[in-house]
Structure formats: structure tokens, C-alpha cells
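Take this structure, written in C-alpha cells, and hold onto it; I'll ask about it next.
Chain naming follows the written order as A, B and C, and within any one chain the residues start at number 1.
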Amino acid sequence: MTLRRRALGGLGLAALLPGAAARAGAPIRLRDALGRDVLLPGPAQRIVTIFSSNTELVAALGLMQRIVGVEEYTRFPPEVAGLPKVGGRLGFSVDAVVAQRPDLVIVTPARQAANQLVDPMERIGVPVMVLLSRSLDEVIGNVRLVAQAAGVDARGQALVQSLQQRLRAVDEQVNARVGGQPAPRALMITGRLGNGMLLVARPGTYTNEAMLRAGARHAIPGIGALAQVSPEAALAADPDVLLFAGAQSGLDDLARRPGWRDMRALRAQRAITVARAEFLIPGPRTFDGIETLARWITQTQQKGWG
Amino acid sequence: MNPSGKMWCLALGALALAVVLGICAGHQWAAPAEIWQAITERDTLRSRLLWEWRMPRVLAAACVGALLGLSGAVFQGVFRNPLAEPYLLGASGGAALGATIALLVPLGLPQSWLLPLMAFAGAWGATILVLGVARVAGALDASGMLLAGVAMAAMLGAIRSFLMLALSDETVSLQVVMSWVLGGIQTPTWSGLGWLALITLACLAATQTLARGLDLLGLGDATAQSFGLDVARFVPRAVLLGSLVVAAAVAYGGLVAFVGLAAPHIARWWVGPRHRWVLPASALAGALVVTVADAIARSVLPPAEVPLGLITAVAGGPFFIVLLARRLRAYGGRA
Amino acid sequence: MNDAAMLGAAHLHLSRQGRALLDDVSLELPRRGAVALVGPNGAGKSTLMQVLAGQLAPDSGGVTLQGRPLKALDVRARAQRLGYMPQRFEPHWDVTLLDLVQMRLADPARAAQVLAEADLQALGERRWSTLSGGERARGMLAAVLATDPPVLLADEPGAALDVQHRLALVQALARRGRERLVVVVMHDLDLAFECFDRVVVLHAGRVAMDGAPADLLHAPQLDAVFGVHFERIAVAPNTLLRARSLTSKDKP
């Protein structure tokens, strides 16, 4: 809901800007996240978006109707339900992508997508753009890239400015911390592995940066590149705030682990769930998540850390 | 019963038909006329799909199948066992480990050539290790190598499992490794295909030199020796060459199951037990099987592609059972 | 020159796991002759054959072939000059007789001719599994002799055959002994003493007796070696041996 309102807001602004209409026919040259040169003969009209993040980027620019193919994991926006699927659990199909006659494929190197699609598309002659989201800046940059590729530069610029503005507002809110308190130590659990290990947000990812911008700091400062953390390590870190990307039932399940009830965050009821769609899909909704989390942290701080 | 020239022509014709079928197959089936169009002019997206993507893929499948069949025949000849297959001496474990490293460890090198290179190095390296272990243990004969191979496979599997657990996170799932391990043709460029074809022909020629030795080995070590075969020198040489062939197959096609086991049997059923014919016949049978299986893999479950190894394994299971049931029959060797 | 040593063994020693299989065995075998190698179980007959064929290396001592040490010859040269018929032969792949002979020869085209000379051309295209025991023995012999090796070593070649085929095979081997050297391990003592012109008796890894059958037949040492009391039955012109009873040390 929020996405559409904001997007439309951005669009409204963009429509007033001169030169907003895309110039059809002029070739567009871009550089994607892997440093690859992407050359489009004209603004992309038939786009295949692999993974929810890329779909949402295109949708946020109001270009939903230009999407001609998605994959099984994309659920948002609801309009994607009727679109042709070009891949999913068992991989991605070059045939299916080509069948949609796209003039742009947007992909993120997760699962086998990049391996299976970048090379074939290049050889067949379909422009393909690889996007990464290692930081919030990169997420914002992706908005610009997609807008350029679709020939809606002005719309993209407007959306970018709106997102940056929201981020600045959150920064102000965070800086005006109640009583100059330090940022609470937070641990965001993003998943659980079969052997009991936990996946947590770690430095160098947009998820972590989102958490930091919302006013927290990482409970395990020395955490390295490895994504997995043992439950004991989480217990030892004893964060002030525990964030769980998922459903409440999952959080309750975690809380039942031996020793976890004594965790500071759980005793003081400062353990909440955050939306996976906001923190694990890099896109405009991430900024919704940052705002929500920042608000909650500020409120909790105002109530005091009893 | 030496196969006549006519039989070979028929078989090659069948392979050509399979290749055409393969190029037509996919989520959107192509008509043979479109193939001709794709060869002569490439102005539509569809023609480019056929020319740049499907054709090299199908021809690569044929080559990989030929290599698998060839190495299967060599291994069955060396180990004198109709259940021997080319992954016995650690090639699969090593290749899977190499592929896992290429896929999961961020080395910053382009994966299009890193993956086949690591798979090849893994397969080849593991076999050399196995032979080395067998030699150090003073057991450079068939059973010694098999034992060393079993031990090596266990070790490599453990290392690979550890890597998979340690390096997986939300974005890089284990699926990436699984789908390679289950087998699938990496579509080469036309120049890459040229190399693969050259390698296949070279392997065909090189393995022919093993034909007499493999025949003699089938008479038993003592008789082979008394008929003039230096068994102690021949066996490692044959194993090394067979492993080179399977490493090449695995580099381009992942771990495709059962073809190395089944193709030599099909070959022996068709041309008899002399290796001079079994080796090329096995290559032909392997090429046929993999080409058809790849066509099925690409068309049966849109929009996904079923991993090639699953198709061959599913088809291979019943074949295996039939083989066991016919164990004591002629042409298949003795139990 | 005619009877100069073709195959010679000098002071062969071979031990496995502390047990001496061959204990200072020396033998001189001429260019022509049918030699029977006999002895009780465990005497070392098969071991000696394997060493003579170059398949087993002795701990010490050496084998010479045509005056040259066997070790110095490569596998192919040995294969040409030595024919070896193993005790058990079971090919793994179901080959035809023609295939088998082709595998023996450097020039496969000669294979059909070899079979014809041995009167086996009718069996040439038959697969091994379809041949009877007698046909297999004849076929294997033809294959082994296909290179006309100066020395033929046969290890109990008639073991699995019926009386007719065994007799035919042993007679064929003995006949060959008129032109070339043939050494055959025999369990059937009567056949050994009757068909061969020299008998070597092995006992506990040593050469116990070595000479013409007529000389050895009546020697009491024979009884001791085999652990039985033999009754010598004269059936002109031969003497048959019949084992009557066990020697005293084995009596209950």
C-alpha cells in the first residue's frame, strides 16, 4: 500500500518536470553492478525481471505493464500473479525467457540465475542487467539504473529523491535521540538453518545498513563474513534488541530455546518481528521498513530501558 | 560378429536424428525448417536462440555422452566388472568438490571457465591421488585402486559437505551446487564446442590403443601376461587415460549418472565383446543416450529444466535392474 | 647342441609368510622332451611353473631361457617363446575361439589358419560359454601354441576333463614333446609315467627325484614322497601304480 502511494506521489512530481517523456529510439548505454556494459537500442518496453527485488523496482517506477516475465518466487505486487513464469525452484529457462521476446532482462546473482541467464542472453543478443544490493546507496542506484534503462529518467530521479528524503528524515529522528542515549545493540535473525545455526544480518549488506540507519548498532561487532551464527553466540552477545525477520510464531519458537528466555531483549519484551519483504528484498519497501523500525526504536527508547 | 559398415551407418544416422530432435526440443518446440533458417540467417530472436544456444548445447550433449560411454567401456574393461563405471576412482568426488569451490567460494574469476576448469582439475586430481595412495600402499592392482577410490570418495564428500554448510547463506543456496552435481550440459560457445569436439575425437583415437590390452585383461591377469601384456604397466595407464576422458566429460556436463555404466552394455550387446568395436560403439551409444535425455530434460517441465542427471538416473534404474537379472547371460560377462 | 639346455632354473628360493615354497630348486630342461612334473599337494609344482613362466619372481636364484636370463626378456618376447596353460582359465568376456587366437598372435589374420591346422575351424565362431570342456581345452591349447613357442608349460591341463579328453590332451602334449620342450604338471601318475620321457618329482619345495619313468617307477622313495604304499602291477609293457594304503606315519 505504502509503495503505491509513494510511487504515485513521485510520479505526480515527475509529470510536472519538463522532458519527462521518454525519447524513443535513442540507444541507452549503462554500466551494471558487475561493471558490465549494457547497451539498449531504445527504452526497454518488454522487461523480464528475475527476483522480487527487481520486479518491485520496475513496479515502483509505475512500469508494471512493461513486465512480461517473472519467476515463481515473486509475490508482490499482486499483479504479477498472472504473468508468465520463466523459472523458479528448479532453475531458470532460457527458452521461456526468449519466448517472451524481451528487450531487457534484469537479474540478481542469487541461486543460479546469473549463471544460467547472463551468458545465454548475451549470446542471443538480449540486453541483460545484473544488479547487486550491497548497500542502501546501491539500492537507490538501482532505481536510477532501471529508470534509465526504461527511459523514464525523470521519474526515476524523483523516486530517488523521495527515498533519500525519507532516509534523511529518519537520520534526523535517530540523531535527536532521547537523552543522548547510545544506539541499542541489535541482532537481526534472518533465517534458521537445519542444523540449528542462525543466519543474521551482517556488515556489508543492505539489510545490516537498514538496521543501522534505523538507529541500532550490531550486537556482535566482530562478526566476519560468515553468515552463520550459533545460538550460543547469539546468547552470549545478549543484544538489547532482538529482531526476527519472519512471523511471530518463528520468534516464539526461537524464544523457547534453552537459555533464551533470560536474554535481556526477551525479558524486557524488546524482541519484535520485522517484515521479510522489507528487510530481505532490496527495494523501495526497505525504506518503509527502516522508517517503521526507527519509529519503534525511538518509542522504546522513550519508554526507557528498564 | 564384427559389425558391418552398414550397421555403423545406421547407428550414425540414428545419432544425427537424435541431434535434430534435440535441437527441436525445448519449451517451445522448433520445426526442422526453423533449424535451417537459423543456420542460414539469424535475424529473429528465435533463430538466434537456436543457433547460439540450442545447437551448441545439443552437440555438446552428444560429445559429453560419447566421452562418458568411452570412459565407461575403459573402466569396465580394466576392472573386468560389468558394474564398473567411470566415477569409481574418485572422479565424481573430486569433480564435485572442484565445482563446489568454483560455485561457492568467491574467487572473483569468471565462472564460465572457472567451473569447468575446477571440475576437471578436481576429477583428474582425485584420480591421481587415488593412484598415488594405491601405489604407496603397494596395491596398484584393480582391487587396491578400488579401495583407495572408496576412501577418497568418502573424504572428498566430507570436505564438500562442510564447504556447502559453511558457505551457504540466503543468496547462495546449496541448490547451485546440487544442480551441478545432478548433471547438466554447460552450453559452450561455438569455439568452445570446437575444442570439445576435438577433445572427443582425440579421446576416441587414444582409447583405441587400449583395445588389445583390454581384451587381454579379460582373459585374467596370468593369461594376459603370458599372452604378452605387461599387466602391471598397462592397468595404471588405462586407468589414467579413462580418468582423463571422464574428467573432460564432467567438466562440460557435470555428474551425469548411469551413462558410463549403461553405454558399454548397449555396445557389447550390439557389437560383441572385442574392445576394438566396443569402444567406439560405447561412445556412440553414450552420445545417443545423452542427446535424447538432454532433449527430455529441456522440454518436460516448463519453465524449469530438469537436471540431466535426474533423467538418466530415472531411466538408469530400471536398466540396472534388468542388467542384474541378466547377469549370467552371455555378452555381459560373468558374475 | 641338440640337447643343450633350453630352460634352466638355478637355485630357486621362494618363501611366503615364513613357509618355503621353493627350496633350492635347480633344473635343466633340454630343447626337446616331454617332462612331467609330479608331487603331492603343496609340493610347489604350480609355484615352480609360475616362476618358470616368469609370472612370479623368486626370492633368489634365476631362470634362463635359451641361455639368457628370463628377467632380461620383456613381456612380449617372453610371450612369444613361452606358452603357458594355466590350471583354470575362465575368460571374463564371452569371446569366440577365433578371438582368443587373434589375441595371442601379433598378426591376427593368421588366426583362422592356426585353427584350421588344429582342426578347430568349425569351432572358430562359437562363443566360449557354448563350448564343452574338451573343446575349451583343445581351443586353449591351440591358442597357446599359436606362436609355436619353443617351451610349453601346462599346469594340470586335464584337471576338469573326462577320461577321454584328458587322455587325448596329454597325448597331444606328449607328442609335441618330440619337437619342442613341454613341461606338464600331472596329478595322474599312471599317465605321467606312461606318456612322458622324463619325470621330475617335487616334494616340500625340493626336487626329490628326477629321471626316466622306468628308473623312478620302482624306487621306494616314491612311496615316501606321496605318503602311500604303492603296489606295482605289471601290465606289459607298462607298470601301473596302485596306492594300497597310507604309510605308517599317517596311519591312525
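Odds and ends about this structure:
The rule is simple: a contact is a pair of C-beta atoms (placed from the backbone, for glycine too) under 8 Å apart; a residue touches a chain by one contact, two chains touch by 3 or more.
Owing to the predicted nature of the structure, the values given are computational and were not obtained by experimental measurement.
For this structure, the chains sharing the highest number of C-beta contacts are A-B.
Located most centrally within the structure is B, per distance between chain CA means and the overall CA mean.
Centre-to-centre spacing of subunit A and subunit B amounts to 42 Å, using the average Cα coordinate of each chain. Averaging Cα coordinates per chain places subunit B and subunit C 45 Å apart.
Taking each chain's centre as the average of its CA atoms, subunit A and subunit C sit 84 Å apart. By the touch criterion given at the top, residues 26-28, 45-46, 48-49, 52-53, 111-112, 165-166, 168-173, 175-176, 179, 187, 189, 298, 301-307 of subunit B touch subunit A in their complex. Residue ranges on subunit C touching subunit B, taken from their complex, read 50, 53-55, 74-76, 78-80, 82-84, 86, 89-95, 99-100, 103-104, 125, 127, 129, 144. On subunit A, the positions that touch subunit B within their shared complex are 84-96, 98-99, 101, 108-112, 115, 119-120, 123-126, 190-191, 193, 195, 199, 226-228, 280. Contact residues on subunit B toward subunit C in their complex (touch as defined above): 1, 80, 212, 215-220, 222-223, 225-230, 268, 273-274, 330-331, 333-334.
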